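For reference, the structure discussed in these notes is given below.
To keep things simple, chains are lettered A, B, C, D, E and F as they appear, and every chain counts its residues starting from 1.
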Amino acid sequence: MNQHVIVRTDRQPDPEAVAVVGRLGVATTHEAMGRRGLAQPVLRPIYPGARVAGRAVTVLSQPGDNLMLHACIEQCGPGDVLVVATTSPSTDGMFGGLFATQLTARGVRGLVIDAGVRDVAELTAMGFPVWARAISAQGTVKATPGSVNVPVVAAGAYVRPGDVIVADDDGVLCLPLEDAPEVAARALAREANEQEKREKFQAGVLGLDLYGMRETLARLGVTYIDDQTTSGGRDG
Amino acid sequence: MNQHVIVRTDRQPDPEAVAVVGRLGVATTHEAMGRRGLAQPVLRPIYPGARVAGRAVTVLSQPGDNLMLHACIEQCGPGDVLVVATTSPSTDGMFGGLFATQLTARGVRGLVIDAGVRDVAELTAMGFPVWARAISAQGTVKATPGSVNVPVVAAGAYVRPGDVIVADDDGVLCLPLEDAPEVAARALAREANEQEKREKFQAGVLGLDLYGMRETLARLGVTYIDDQTTSGGRDG
Amino acid sequence: MNQHVIVRTDRQPDPEAVAVVGRLGVATTHEAMGRRGLAQPVLRPIYPGARVAGRAVTVLSQPGDNLMLHACIEQCGPGDVLVVATTSPSTDGMFGGLFATQLTARGVRGLVIDAGVRDVAELTAMGFPVWARAISAQGTVKATPGSVNVPVVAAGAYVRPGDVIVADDDGVLCLPLEDAPEVAARALAREANEQEKREKFQAGVLGLDLYGMRETLARLGVTYIDDQTTSGGRDG
Amino acid sequence: MNQHVIVRTDRQPDPEAVAVVGRLGVATTHEAMGRRGLAQPVLRPIYPGARVAGRAVTVLSQPGDNLMLHACIEQCGPGDVLVVATTSPSTDGMFGGLFATQLTARGVRGLVIDAGVRDVAELTAMGFPVWARAISAQGTVKATPGSVNVPVVAAGAYVRPGDVIVADDDGVLCLPLEDAPEVAARALAREANEQEKREKFQAGVLGLDLYGMRETLARLGVTYIDDQTTSGGRDG
Amino acid sequence: MNQHVIVRTDRQPDPEAVAVVGRLGVATTHEAMGRRGLAQPVLRPIYPGARVAGRAVTVLSQPGDNLMLHACIEQCGPGDVLVVATTSPSTDGMFGGLFATQLTARGVRGLVIDAGVRDVAELTAMGFPVWARAISAQGTVKATPGSVNVPVVAAGAYVRPGDVIVADDDGVLCLPLEDAPEVAARALAREANEQEKREKFQAGVLGLDLYGMRETLARLGVTYIDDQTTSGGRDG
Amino acid sequence: MNQHVIVRTDRQPDPEAVAVVGRLGVATTHEAMGRRGLAQPVLRPIYPGARVAGRAVTVLSQPGDNLMLHACIEQCGPGDVLVVATTSPSTDGMFGGLFATQLTARGVRGLVIDAGVRDVAELTAMGFPVWARAISAQGTVKATPGSVNVPVVAAGAYVRPGDVIVADDDGVLCLPLEDAPEVAARALAREANEQEKREKFQAGVLGLDLYGMRETLARLGVTYIDDQTTSGGRDG
């Protein structure tokens, strides 16, 4: 129960797997994981079109205090994604342009923060992607200890240092380090399969037929009827 | 009490009325309806500038399950807007790019979903407009029956199949099928009237005078006073 | 306890101070104020990139009723920012394009509304910036009295007529009239200081060193450890 | 499109069905309906142990305005439950002790309000049950028209005048008038069945066996494993 | 702009007025004030039946930090009600049994806190009433300065030290010090009037008649119709 | 990546530690843990005065589906507390009286569910304590697989099977299995210390003096001033 620690770690996900899931994005990777690992949709990107994948460096911080954000930067390097959680809910703007400048200098790819962010015009101009619970200029203090590179829960997702973070317009996903290669392989297979389906759908094929769902509907007791009275029948 | 049904229906709103309210948009049509029919503002477009009007095809689904979305597609055609509600609150990403591909192939104009949507980058690139409660990559199953083309409540709005859905940057509106021609006529009158007002306002005329509200204020006991102490007087 | 009043006031913040804080923005000004005065982050701009600073003209209104918005316009002039609060929570679209036309004709710079706004496509096209709690087409009545230019609470921020409103992508700030010159001076000093830091950070200097925080961490009992077991140690 | 109406109606649900579902409560009746008709759980009783069932008299009101609550009382009689919805979201205290006094004098059984209520200490002392979205002393005006005995959406539930309202500690349900006898019969069957199960469960029988779910689990691919490493394996 | 201060003040509301509004409660006093001053309904009592009125002693605190709660106690005395606000939103349990013990020893009547409270079983057993945004055991630090007896905004209500706080099952109200005698007088008149109405309502008189609202309804265009088709006509 | 598993586990926390933290409650144990492990305050008990501590048996379930709740019961025994999480947010009433009957027959002490619960009148009468996100009668299906005794995140708290759950009126806490003895010892020390403080506070001693905080305030720049103008000075 060592309370406040900064952990130096070599945990690194497989770089090829990171590249694959970064290219395929959150929705495909999440499906390839068995529909797990997604953070709640309160985390939104500060500008459209952002997409990253990288190694998680984690911070656990007191709400309203960004001391540990300063402390974590030294633990970050090229290809990392910083993940910040607070010990209780907060929307304060713990992170802004000066932090992004430091992280950019170290090759960090982006930030996931279960709290607030500010200087969003500057961050957007820099092209530094952030997924946050809130945009808020509320300033923070530097008075209370916390930890770096310990497991955290961010917006309901459990993140360990070294796990893979994937984030895009659809949200934020945490892929466990050890599952990365297998998931990347599955995601690639899924992508190929989706492209095939897309073409069939463009040609007018129905999912109902392609997936053989007519039987499922019948088995589940769904029946087809013709509308007779415009205001009768309700299922609400 | 036929529990799970897919209703084939010919209910169709007047196409000219649909064209008119689609051009005039949500705010004007809502006023022309007597300020009714608006869905709660939790439904937001996934990209700015989207605007649609069309016939409602409705789906009532189990949360976390998109089986009935597959089932509904066959009931959709050119000019329709799909409206999806769930039997209890959900933000799961029930709809994505492959669904939009199927709907586009059938001429469907857009989606209103009181749940989540994913693949928003792809949907934006396709120009397929969606109004949703959340953006979420959370995947769904295909295990539980529901209904198609039954009346539903979506974000507080009561929608029957065949009603007119109008949606733009200001939100989502449901206009009852039978009221569409009268509302379209009123909305046109309102538009003409607004243009006239706009010109007067540009010239510096005050609404206070144009609408004769000075008397209203006086009758309601609102009085004009001059500020004397900068910190006195409060109405909060 | 004069209940419903429209106050004519000459309270005017220092114009140079307004110009400075408008240029420096919300986050810097908020820090220069001692981290005070920020409205809650529920107030969001209707389009990215908006930025204003100006004198507050305030409205206190019944929810669902925009009579007092009509009444306030006459009290607004060049350089003002309108601030609207309601006597109980509301998301109704109390403000739209015709109001913006009237305000633009008088030189008003923007709107902060702790309620809803509509016609956002039109407002965006006009370049009239609005910070609002919600985007909603819900129409309002004109039946109930309220007040103009009395102190209000908007999204948790206390605003008196004549105070300075600063608003940008990071949120909305209220700077008390009498503090404006001193805060503007501090904000300028802060800006200079930030530019210096930015350059150091770009060169790879760490905040940890620049701010002398290593000692703080040690004093607070934060210790450095090396990762040994990938799944041990938790601080969550 | 008659905008503001007070509808005098004789729609009355079957009194025996009302008595049955009132005795069996919300959860059992909701299951007997096919898991439909439930209002969202934001509606909570003001004191524990309240339970009612009765004919719905509906009100659609402007937020912050209780004029139509006054107008509806004359339409209420013995055994009725008043259902109040607003045209946009509100938590104002539209209803209090004086209203409950009037309704009690007419034999009304309770109130369901998708808005706020006040005088809760007095209402509790009177034993007048209320299910509300909020408890709030916020006073309202009497200035804007609405309707009585038109279909409304309250907390997501569609309610027509004459439908059966069932409410208890578990929430609020709307049972369509025409389905009441059939649902009451199903609910009685369900109750008998539940009592039988309860006794088996008290004796230690497992639902897994009673419902034959072991096969379902196997078919769905759920496997049993023995814990080997205390921190490995995750499904989160 | 003295940033962090503890203000010693003699501001005291009229004790008779405090006694009157404490007896009459929040709803009546709020009406007597012209329907102002109410905090948002997120502030709820930790047990039913609590009721207080007293002089406000205010605290403005960093979220997650209760240092200033310690600092304020010395400024509290018999008949006071402590009011705690944070500089940004928080639900942390800043207050518990040991604080209540200190306040009870000084004759303080209760607490209003726009944050969290803990030890609620102990506080309930002590009979120390608290109105809070949340019940949370989340512990806080004592590291960051704030102020005592400065004006604060708590749950949307503006409270100055010395104002009257009234709180009961219906919520929390702030009555400005200088208005207290006049409001108390109005509240007494209102109470007498309500008792009279209550008796008439018990005898079956309708508010519609007592308040002469039939004319209002007619003037506003509300019409009476007889139900003819059970599913036609809608106002939703 | 074994997707859906039911894990049989012998992980058992130290029974004496469980007894101690159960007696001392959530707030004291949370402090003894270094202010960690608390679930978000959305989890509330269904009746006041409930208190439990016990071994966590965990369930991860599809929203709207309680199949895995049936599957988990066999894994529960005397002294356990069931912890239910869903793969995406839900308020459905997944648990009710029949489940509680099964669990009571096996000696289970209570339920923590990051979703909804129903039959709360029956559960209250049985004295079966539940901490839930919502009370909702919404029924669920039994169609989709999940897991039992895998680590889960419930209301932001990370819970592994075998960890200690402590729950009372102040909320829900998860104490890691391996830390239980040390935390129990610290909690006992804390309790002794609190009793001593309580007596001093009852005698009128101030925390300000007892904790030596006057120096802290001075060091942090907090200054004492006398109130001079009733409306000047603000810190809001």
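Structure notes:
We take it that a contact is a pair of C-beta atoms (placed from the backbone, for glycine too) under 8 Å apart; a residue touches a chain by one contact, two chains touch by 3 or more.
Predicted model, so just to flag it, every value in this text is computed and none were measured.
Counting hops only between chains that touch, subunit B reaches subunit F in a minimum of 1. Where the sister copies subunit D and subunit F meet, the same residue numbers recur on both sides for under half of the interface positions. Of all the chains, the one whose CA centre sits at the greatest distance from that of subunit A is E. Averaging C-alpha coordinates per chain places the centre of subunit C 27 Å away from that of subunit E. In whole angstrom, the spacing between the mean C-alpha positions of subunit C and subunit F is 38. The set of subunit B residues touching two or more other chains comprises 3, 35-36, 38, 87-89, 91, 136, 138, 144, 151, 153, 158, 231, 234-236.
Contact residues of subunit A toward subunit E in the complex are 62-65, 87-92, 136, 138, 141, 143-144, 231-232. Interface residues of subunit D facing subunit F in the complex, by the touch rule stated above, are 25-27, 30-31, 35, 38, 41, 44, 48-49, 168-171, 173, 194, 197-198, 201-204, 206-208, 211, 213, 216-217, 220-227, 230-231, 233-236. Across the complex, subunit B meets subunit D through its residues 1, 3, 33-36, 38, 40, 87-89, 151, 153, 156-158, 179, 182-183.
Contacts from subunit F toward subunit D in the complex involve residues 2-11, 47, 60, 67, 70-71, 73-74, 85, 91, 93, 96-99, 101-102, 104-106, 116, 118-121, 124, 134-139, 142, 144-147, 149-153, 160-162, 177.
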